[in-house]
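Paired with chain B in one complex and with chain C in the other, chain A is shared by the two complexes that follow.
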Partner chain A sequence: MTNNRSWIPYLLILPSVAFLALLFIVPLLQTIWLAFSDNGVPSPANAQRMMADINFARSIKNTFLLTLAVVPVQLAIALVMGTMVAKVGRGRETILWVWTIPLGISDLAAGLVWLSILQNSGYFNSLLLGLGIIERQASWLSYQTPVALFFAIAVAEIWRGTAIVMVIIVAGLNQVPREFREAAEIFGAGAWTRFWRITLPLIRPALQSALILRTVLAFEVFAVVYALGGRNFPVLVGEAYNWQNQNQNYGVAAAYAVLIMIISLAATMIYLKAIKVDPERLP
Partner chain B sequence: MKRLMSFGIVASTVLAFASPVLAQTVFVSTQLRPIEEATVVREELLQDVGDVDYVVEEPPQFAVRMEAERQAGTRTVSVVGALHGEISPLADKDSLEPLDELARTLAAGGMPQSLLDLGKLGKSTQQYIPWMQATYVMAAKKEALQYLPSGADVNALNYDQLIEWGKKMQEATGQPQIGFPAGPKGLMARYFQGYFYPSFTGGVVRTFQSADAAAGWEQLKALWAYVNPNSTNYDFMQEPLAAGEVMVAWDHVARLKNAISAAPDDYVVFPAPAGPKGRGYMPVVAGLAIPKGAPDKDGATKIIEHLTTPEIQLLTASRVGFFPTLNIKLPEDLDPGVALLAGAVTATQASKDALISLLPVGLGDKGGEFNKVYMDSFQRIVLQNEPIGDVLEAQGQTLAKLMTDTKASCWAPDAQSDGPCPVE
Partner chain C sequence: MANIVIDRIRKSFGTFEALKEVSLTINDGEFVSLLGPSGCGKTTLLRIIAGLETSTSGDVLIGGKSVTGLPPKERGLAMVFQNYAVFPHMTVYENVAFGLRMQKAEDARVKAQVEKAAGLLHIEQYLDRYPNKLSGGQRQRVAVARALAVEPKVLLMDEPLSNLDALLRLEMRTELKTVLQSAGTTTIYVTHDQTEAMGLSDRIAVMHNGVVEQVGTPVDVYNYPATRFVGGFIGNPPMNFIKVPVTNGQVAAGSEPLMAPKETGDEVILGLRGEAVQLAPLQLGLEMKVRVAEPMGSHLLLTGSIHDQPVRVILPSSETVRSGDVIGLKLDPNRITWLSPESGKSFPAAMAR
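Here is the complex of A and B:
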């Protein structure tokens, strides 16, 4: 009986496969072809053009530095927030709701919010002026202040992207059975030991998902950087955008897109290998 | 029932998409995009030409839409209004109707032949009809005039005086007070192509890596010491001017207009400075064109004829601050801000050492990469402090390749060339 119906599962996933093929695989193949062809013949010209560009090395460096700075901080903050909210009884929903507000704001809007804080005539300078710390408006986002610029972008990104990590971690924490913690408490384990030896290993699947999602998103950072840094802080997606829209060279833009995809896929692979998840805990 | 419903949905979707195309003449424009200006176009400029759907698109989306319609072979757009450089890629792909008959009528009606020739984009037939023109000027807050070096005439500045002025303003206020639109959407590349290079070298492409150019870059570096470092974030200079971040700025008239129209008594508007080879300036032209296969060619022609009548050209000038392409006098009762800008344009054109620099012709869809050559040189020389000679040599190679690839011949102020414009 079951053998006769073995095609049913395939039939059921067919619509989604067709959907993916049409809207994902085909454009992907087109992008790869666009990146590695020149006037209709295969050619590495676009990739060479990309690598020879003055902003290529800078955009790689900036993207990786930003990812390295932002993701661990976000993970740490999200863990702290998640653990804190787990202890809260009344008002837990309200706190979670407030914490996830940045998630509901679009990237560019978030960038503009931070721009209005940090630009020359922004709120931050007004505050410093009011407190008498500075005598005149200071620039934080110019090419002459790369450290402040990097810091500003990192803070804006952390503000904007921590909520998504926290949501996943809270979901993971909810699944840790209370009995384990209670048992550990009976055996005299302190709070730190309980967190390190019980909670953290048990939320590995959630950590893995959060890290993959956040890192891939960090490699694709664009709108916040564009609003705050503009030309001063090139990142990979920003360069793809510039080549597509300003230079109107779709080939080089596609080369950037393929590079970003490779980096994202590699990062996902590393997380899948590095954070081993107990197969029994997989869904 | 279900089938009936899905049929209904499909039918209504088709109708929803199809009906506006049938009823209206679609006019897609990259110009006059802000809602106030678009409303002027819809309610005043296009009032008497039948049912026109005026749609605005950002330049990149415009390029993608036109290319997509060309590849698909179905046009929805009957008229396009865009800058010279944005129409050039369309002409390059042979996707525009020749407009020679219209051009002849307009030439007889007083449109300068030199402007009409720009609309040929280096081809044998008329590709677009010049619609409106503008240029770039400098604007300063009146309080900045007190720091003007003695003996300097603000309407006839040179680079030494501008540097001196910037220095005095910085010493007095503690802040660099000169601003340039070098942000991601700013028009800084046009400063190099229409102002900096012609003024210092008398050319744009041929003289790219000449000794004159190197000397010019040295002066720009000296000037940049008094330029607000936030300039690399500025797109429209009217914003930092109005916010008081800078006192002196160079930009496109349309990108200065809001600040100046809001407080015309606070500003002076004047020509860009002159270099050793003259006072370079670049007229900007927006044109109207009809794509091949346009659904409503007659309606499109009617729109173009209407927008190039003297009354509508004058109305355009007074309402949105772009100047007529017809040879007509502006009215007395102009908006005071627009009048200030118009005064600076006249002063530029009338100055003894004026050196006109035309918009690039024949670059096709490489206009963006052409801009990038100048902006990359700027980034490396001025912002990253790399040796001028090395940068000009490397960027000069890129420029030379661009010229050979596009086979674009030289345009003014460069001397004519047989074949692609050489980088000497």
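Here is the complex of A and C:
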């Protein structure tokens, strides 16, 4: 009798598949077509125009530098946070709640928060002035201070995006039974050894998910950059936005979108290869 | 090799007192079980000895040296956990070698020790596998081999067999005894299973509500329980407790009255092992009303009452008793435990033998 009903799971899954197909796969194919066609015929014109643009190389460089600077720091901070909170008994929930507040803030709002801190008349300059460290308002976010601008964007991104990594890491750490660390301790492993040889290998799946998610999101960075740097700090999604809205050139915007997707896919593949998760070697 | 002295250990979790001044001495090379129901504090005590938990007060000495405040790795001990805690991301070989690697032992010594331990536990053929490919029993062997490979002064085992199925548990129990006898390591073994404790231990410490109620050899603890709790916890069926009146220092039991200990008042509790009785003609023994008779093959199990109090006794299967019979039971005075109705403790007369 149960065999006759094997179509039920498919039926129940169908709406979600159809919904995703309609709103994801169709636009995806349209975007790819838009990127690689010109007046209805296949053409590399959009891609060529994208690559010939003066901001193209800069936006690639900026996006990659930002990702390289932000993701490892976020992972390290998240691991430290997760390890620290694991030692806490009472108040653990409250601490986690406070730590995840940035998760509930939209990226544009986060950008504006940091803008209010770092703009010329912002809180940071007021503090420095008050302490007598600077004598007049310093500029951190202009095109004349690219290093400060880069740091400002990186710090804002780290502030905004670490919580999601932390949530995944904490969930991963919770999956590792306490006895593994205790056994290692009994058999002579110090805190550092326990972390590197026991904890880290056992949270591989969480590390992998966190890195993939965070890296893909880092390649899509936009609103924080837009709020803090405007066009002084071109990034890939920012360029796609400009071609779409300012230049009204959907083809080049689509080419950028496809490029971002290719980069994200490549990064995901690299992580899947580099951090192999063998289910047989998990608790 | 080392002896262990547990000196007035207390442990409180908030207002809850998990251990109330526990003292216990374990001799060099001895196998001692901490036996008790869950929540009695036995695992807490083991974790304090291991250094995984800190005591509220008191001291632990291993080999004459206080280890309070020392981290686990400086205590010279190894431990086997209830859920094995075999590292899933390392091969069996690397698991067994883990302690030696942490000691930075030379490769040749690691290899020799791993092979020796693996040989003892019969896991040589699994050395290059990952633990998830192994059954529970095999993983347990890996955990024991990992502990023995470092040749610890003290071996701590926390319910090591309780995750195994019944048949495997019996097999592993016998094997553990063989392996540990040849190793001669001082061992503390935590269990709630009295047959495990009886079968494996040189001595048993029976714990209850954070207190050690009795320490003794399995036979002593079985035959001469120090408290009502011990008698009731050990043995299957558990010891019978019958409150009986005392007249002129005697307890009536058919034709041969029993001499109660001098310290008793008007009443005493008679602690009676189910098998320490013989069938006797009705007027010659203690009267028992049999409610249910269950022939078990090896013996006959009778459930009923004496002095209107529930009892279970065991007779040889050759006897014929039926449900509803009223029978006489002759008691062996040497195998009776007399207990005070007030304190629940046994009178020293019984302990003295």
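Descriptive notes on the structure:
Note that in this section the second predicted complex is superposed on the first by the 268 of 283 C-alpha atoms of A that agree within 3 Å, B and C clash if a C-alpha of one lies under 4 Å from a C-alpha of the other, contacts with A are read in each partner's own complex, and residues count from 1 in each chain.
By definition in this document, contacts are C-beta pairs under 8 Å (C-beta built on N, C-alpha and C of every residue); 3 or more make two chains touch, one makes a residue touch a chain.
Source: prediction; values computed, not measured.
Using the contact criterion defined above for the overlaid structures, shared-chain residue A:T193 touches chain C, although it does not reach chain B.
In the superposition on chain A, contact is made by A:S121 with chain B only, not with chain C. Legend: residue contacts after superposition of the two complexes on their common chain; A:N232 is shown touching chain B, with no touch to chain C.
Look at A:P177: by the touch rule set out above, it reaches chain C but stays clear of chain B.
In the superposed model, A:E185 makes contact with chain C only, not with chain B.
Contacts of A:P201 after superposition: chain C is touched, whereas chain B is not reached. Touch criterion not met for A:E93: it reaches neither chain B nor chain C. Considering their complex, residues 60, 63, 89, 174-175, 182-184, 229-230, 232-233, 243-245, 365-369, 371-372, 376, 379-380, 383 of chain B touch chain A.
Chain A meets chain C in the complex at residues 177, 179-180, 182-190, 193, 198, 201-202, 204, 279-283. By the touch rule above, chain A contacts chain B in their complex via residues 54, 119-121, 135-137, 139, 141-145, 226, 230-232, 242, 244-249. Chain C meets chain A in the complex at residues 50-52, 71-73, 77-79, 81-83, 85, 87-89, 98-99, 102-103, 130, 132-133, 146, 150.
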